[in-house]
Amino acid sequence: MQLEAYQIADHNNKLQEAHQRKLSYWTDEIANAETVIQKLIDFQIAIPSWALGTGGTRFGRFPGGGEPRSLEEKISDVGLLHALNQSSGAISLHIPWDIPKDGEAIKSLAASYGLRFDAMNSNTFQDQPDQPLSYKFGSLQHVDRAVRQQAIEHNIEVIKHGVALGSNSLTVWLSDGSCFPGQLNFRRAFERTLESLEEIYAALPDDGGTAPWKMFVEYKAFEPNFYSMTVGDWGSSLLFANKLGPKAYTLVDLGHHLPNANIEQIVALLLMEGKLGGFHFNDSKYGDDDLTVGSIRPYQLFLIFNELIDGMDRKGMNHATDLGWMIDASHNVKDPLEDLLQSVEAIQLAYAQALLVDRAALEEAREANDVVRAQEILQEAFRTDVRPLVAEARRRAGGALQPLTLFRQLNIRQQLIGERGHKTIATGL
Amino acid sequence: MQLEAYQIADHNNKLQEAHQRKLSYWTDEIANAETVIQKLIDFQIAIPSWALGTGGTRFGRFPGGGEPRSLEEKISDVGLLHALNQSSGAISLHIPWDIPKDGEAIKSLAASYGLRFDAMNSNTFQDQPDQPLSYKFGSLQHVDRAVRQQAIEHNIEVIKHGVALGSNSLTVWLSDGSCFPGQLNFRRAFERTLESLEEIYAALPDDGGTAPWKMFVEYKAFEPNFYSMTVGDWGSSLLFANKLGPKAYTLVDLGHHLPNANIEQIVALLLMEGKLGGFHFNDSKYGDDDLTVGSIRPYQLFLIFNELIDGMDRKGMNHATDLGWMIDASHNVKDPLEDLLQSVEAIQLAYAQALLVDRAALEEAREANDVVRAQEILQEAFRTDVRPLVAEARRRAGGALQPLTLFRQLNIRQQLIGERGHKTIATGL
Amino acid sequence: MQLEAYQIADHNNKLQEAHQRKLSYWTDEIANAETVIQKLIDFQIAIPSWALGTGGTRFGRFPGGGEPRSLEEKISDVGLLHALNQSSGAISLHIPWDIPKDGEAIKSLAASYGLRFDAMNSNTFQDQPDQPLSYKFGSLQHVDRAVRQQAIEHNIEVIKHGVALGSNSLTVWLSDGSCFPGQLNFRRAFERTLESLEEIYAALPDDGGTAPWKMFVEYKAFEPNFYSMTVGDWGSSLLFANKLGPKAYTLVDLGHHLPNANIEQIVALLLMEGKLGGFHFNDSKYGDDDLTVGSIRPYQLFLIFNELIDGMDRKGMNHATDLGWMIDASHNVKDPLEDLLQSVEAIQLAYAQALLVDRAALEEAREANDVVRAQEILQEAFRTDVRPLVAEARRRAGGALQPLTLFRQLNIRQQLIGERGHKTIATGL
Amino acid sequence: MQLEAYQIADHNNKLQEAHQRKLSYWTDEIANAETVIQKLIDFQIAIPSWALGTGGTRFGRFPGGGEPRSLEEKISDVGLLHALNQSSGAISLHIPWDIPKDGEAIKSLAASYGLRFDAMNSNTFQDQPDQPLSYKFGSLQHVDRAVRQQAIEHNIEVIKHGVALGSNSLTVWLSDGSCFPGQLNFRRAFERTLESLEEIYAALPDDGGTAPWKMFVEYKAFEPNFYSMTVGDWGSSLLFANKLGPKAYTLVDLGHHLPNANIEQIVALLLMEGKLGGFHFNDSKYGDDDLTVGSIRPYQLFLIFNELIDGMDRKGMNHATDLGWMIDASHNVKDPLEDLLQSVEAIQLAYAQALLVDRAALEEAREANDVVRAQEILQEAFRTDVRPLVAEARRRAGGALQPLTLFRQLNIRQQLIGERGHKTIATGL
């Protein structure tokens, strides 16, 4: 199904008066409101193809209905989101779950929804039915050269799919690690992984264009391996990225840390080193819980954006294009599309709040060791109700003032169920 | 397949000389060696039926071969374990994964292997294909009375299966909880769960026998719900158990705590309150990792046994029979049977070491605030190499001196693959 | 020093226009704005006497200047805070750091600032110079009856001081526990502690008045003991409170939990049981960091207030008077008075936001398992900028629109340094 | 006081028969027993001067008696330990707590006990009475160049003291960080710290000798700063060390990590990078608890030694001399000397067990993905009772078979109290 422009217009018209009242108040209160709105319009968050179906845990999965049954339907779902919020203008594919049979056709389809292809994701954490060798004991780290070769070739194939679709980055998340003390020679696992990554790195296209290919090395503290992970923290990821070369970067996923980690500091240091490549948004309380962005620790999210803006501005980076922004969540008890609407909005709110931070005053407070004032400056921004600015950005870009409300009013899920049935399971899950 | 007595005898004969040398040394060194050996012979650990197949995570599962395809084959596998170590003389079933079609026949089959039926486990954390109502939003806590009723009836059915098999306890593990702030009214979730448990409790058989039925209320800090669990810690479990009555107890699973929890203290307090009912053994580094018992924190396991013995002895409880002892692990990268052999041995070692603790001296040191001495007393026991005692206990009971070695020498897994095939998946997984 | 009414009036006058503009907007937007303002006026948070000086860690302490040198000066400092924000109308004393020589005089002095005496705090975690027996190995749990007796008598003395000052509650925080496995018999430590608490409980005055004395049993997961704490979690605290009787309650300190604990659920359960007695506010990232309230996890603070309001309303409890509200923080790098102003404001903001939650709609969403909507309802309230309401409540009560700004404009700290000197150290630290 | 040779001889004679019986058994059982004993004799662990007095927490300190009142008495205490165990042949000083007035005399005194000077420790986490500028807001990271300069000069002075004493390493532990979001510009804090470290690095002596000076950059996750630490994890420490140059190394303290960190993997990676410089031993359950080594997680300690041996052997490093080995604990409830005897023994046991690991078999198991076997190989070593080997190593080196027993039999603490008094407080605490 596809949204019609009039549906959004009708929705906005009904809410316009109340919206305008709030907006006027806040544009009066906030000096740089116009700048913020414009930056929000430019800021797009990629939707991963696997987030369009219901997720689950090892204990069970409780699917809803109307899940996309094909790559085309996944693109259609992201198109729907983008039509509603005008902020989800990219899709991130996962191979082999989303192998495009006809790259050009898929590219056109996406373009028809205003979507581009963000980072490509390879999968060496599962065995596919027709796969000759198993990843049970790792992929790029495997003791058997043949398994490593299989995993390397898979990644190179993913790059090729990416080239065909106009993507320009590859995210390598490895579940490689060990479940028990003794299982792994940590050093050799590192060295073998590095060697494998080097071969993949060598296959990155280099067309001298304006947006050269990047490789994102994602780290994770634990799960599915429960003793060690070979790319376990930002320290190891940065080691890999530095050894690989200028096209390799670290990717930060909010749920991939040990308890209490200071993620915003990690972000600042990686930006300092010029090695932050991308971001996976979600939220968590215990581990890699993959909850809706901003649902557990919205202030941490704001603090992370505060560092992102500071670090990117200092290097003259473009907020919208110079890092890979993606949601990576698992929707176990919510409608995936509703969850994604909430997640995108939470990201936009945090971004907008961070844009309100008076950076000159903050640096002044810091240089004076005025800890109280520094906190006030941050919380002044965080406590500001930026929802009207975010809504206005959506409106100006052609989206809905209240995407979630409209999603429900239009009975979109019910329509999808009508089209696709109750018992679908999104490919890959 | 079944082990022949001569196979064990041959194995033991070959190892007997070396074993005897070690044993003699240690029985000389350890005053109560004979008592320890006898207690080890009596001590039996139940094997859960679901632990006989390869486990997995939400990211994937890498099955081995020769997994049991039926309840009968699961019982056969536990029979094998028990033949090897003479310490796994019980099986804990999971309904609906292991519904016995003919209770009497199953009971006889188990008896033929020397096995009895330990606690029965109900399942309201998954939806079964033919199930009218979904547990997506909980079972005993559910807002809808009909869902609660369905879950109550399932538990009562499980009790009936247990009665048929000669079990006398029901373990209720609830995944009930919430994934997001706001989702749940904590109080009402508690009250509804209590009300549901009361109905199940009322269905516990009361035949006035020597081993009256018990209900174990298991707690877990997180997963599969990632914001709150309705039976989330020992405090809530004890609240439930106290409100339910004398047949209700708390069950402790080693992997179900927040980071750094002092589990041995929890054990001591629950025993003090007369409310510890049973134990699920495994090990973990991060969360409910379900690793091989003793593979990560063997000293913690010893400290727990130290409290178990102290608390049970004080109440005149029988180590072997007055608590429910069960392994609850997930074998993702090891052969399940090998993993279970390692787990049982780790439990026996910890139990034996804890039996060596000089309790009179320990209490004396405590009363004198002699912290250094108290630590020495515990570590004196822990550092003792009790492997020869454990081996001797197995030998005397008719088991193998080195079960794992024999398992491999006899090519048992290969034989099972021969019988059952490479691509089997244990029922329930 | 004391604030003059005209100083506040001048300050407010200058800010009035801007304040009024914001207030008008929000009172239009928020249906129950007037109710919220009134509840904010009624809500008072006690200041602990030890929080008026610079705190520190085992590694060092970096005092500022002008710290209060006596109980009188501590009261004066709280008086200052209360004059500024009209929300700190109580002080919580710590014995022996704040022994009043003349109870009546101290009571009058406090009354002159509009202050009452909140919970009294005993101290058995330190040895005082003239103390016969040491608490090195615990106090109420101690193996030596004489030490326990000394600690019991100290607590009874604290109650007497409280009676003289018009307080009606005693907070018992015990550092009792152990640093090493083996050191403590957990059960006996519990039993001895219980026995000791029973003697203190028996000494609680019972005058049949409208505000009968309460005993708050505070729990803490770790520190200063690093292996076990005898009152280590809400489960143990509740066990003690239930065994003690109706005047005993659990006290929750936000920093006293294991990593990732769901404190709001604990709050809900304790309220359900009628056993929540009081609250110590602070914030933390790692352990008992004792940071400014709301500086790390403001959303968690809001969620806690959401449960507090829900649970208290259901039992018909008075928000302002039926629980003990206190800040318990350590000001290591901020001016203590500024830190307290920020903390009180953070509490008020969370309280106000929680008062905005549409509870009927929330329950409706819960009963419909509408997780998305439930989250929206909570975040709708949390994202609302309630600062104008909080400022208005202060203004109406006679306080400053911007207490921190005024504190700085009036150079209050410099004046205190002038009065008291640069090198003062608050008594007790 | 000083131990006489005959006292040790008498003690050993009485225990010799029982010792010999155990030793004979184990030297028969363990193929490489002689090698292990020799390596144990060579292995020396430095004692930090501050560990000789009772430690404490921010809540209190409960001193024992007979604590050393001067640097000379601290050296004497380490001399005592070394006489007892012949494994504590080095002392690590802390400036300004241990400023030697006469370097040569102190050096001779130490030599008379058979002690050398291990790493020197600077202190910029406290303000000293006569110090012009405060470290309240950091030292090497401070926004004020003058404060940084003061801290740099202090470190250079510490190096000079070290040169005079024959030490050849400087440990820089910085408490620098922040307590609140906003307080610090992470990047500038890093850059300023780096710049300061570079100046200290430049002052390292370079005499072309066989043991060139090293700088150890210690990291810590939190405390005393509770929001961020500028050298917060091994990733940041390694960044600093790499930017500084070949003489800079990372130092690992067991208590300085986030919950659940895999320290053994960190050790392996740092050794791989040639950047592990030294080790601070202690144990912990919650944070930087600074408990007796091996008292909480002895298996983790073994796993760390397993990596140390593997990594050092591969690079041809000398176990005894190529890394800095030091205890860093706080003795809050134990006699400091007894605690140190327990700690040194725990380190020796872990080292000995790790020397028993059959490395060839382990690598073979790993290359075959035989996880079960790999675990068996490690646990085979860990479960071996190596106490007789450790005792024998002590005996051969001239130490006591049971140092703790002898310490008590000789009433050493009472003698020290006799000499020094009951109310001493070790300098620096």
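In order of appearance the chains are A, B, C and D, and numbering begins at 1 in each one.
Heads up, the rule we're going with is that a residue touches a chain if its C-beta (ideal position, glycine included) is under 8 Å from a C-beta of that chain, and two chains touch if they have at least 3 such contacts.
All of these numbers come straight from a predicted model, not from anything done at the bench.
Student: Common contacts of chain B and chain C?
Tutor: A, D
Student: Count the C-beta pairs in contact for C-D and for A-D, then report the pair with the higher count.
Tutor: So, comparing the two chain pairs, more contacts are at A-D.
Student: Please tell me the distance, in whole Å, between the geometric centres of chain C and chain D computed from their C-alpha atoms.
Tutor: About 40 Å, centre to centre.
Student: Whole-Å distance, chain A centre to chain D centre, using C-alpha means?
Tutor: From the centre of chain A to the centre of chain D is 43 Å.
Student: Scan chain A for residues touching two or more other chains and write them down.
Tutor: As it turns out, chain A has residues touching two or more other chains at 136-137, 179-181, 183, 221-222, 227, 259-260, 262, 285-286, 292, 295-296, 299, 333-334, 371, 375.
Student: In their shared complex, at which residues does chain A touch chain D?
Tutor: 136-137, 143, 178-188, 190-191, 221-222, 227-228, 232-236, 238-239, 257-262, 264-265, 268-269, 271-273, 299, 303, 307, 310-311, 314, 362-363, 365-369, 371, 374-375, 377-378
Student: In the complex of these two chains, what residues of chain B are touching chain A?
Tutor: 55-60, 62, 125-127, 134-137, 175, 179-181, 183, 221-224, 226-227, 259, 284-287, 289-292, 295-296, 330, 332-334
Student: Which positions of chain C touch chain A when the two form their complex?
Tutor: Counting only chain C, the residues touching chain A are 22, 25, 29, 259-260, 262, 285-286, 292, 294-299, 333-335, 338-339, 342, 349, 371-372, 375-376, 379, 382-385, 387, 404.
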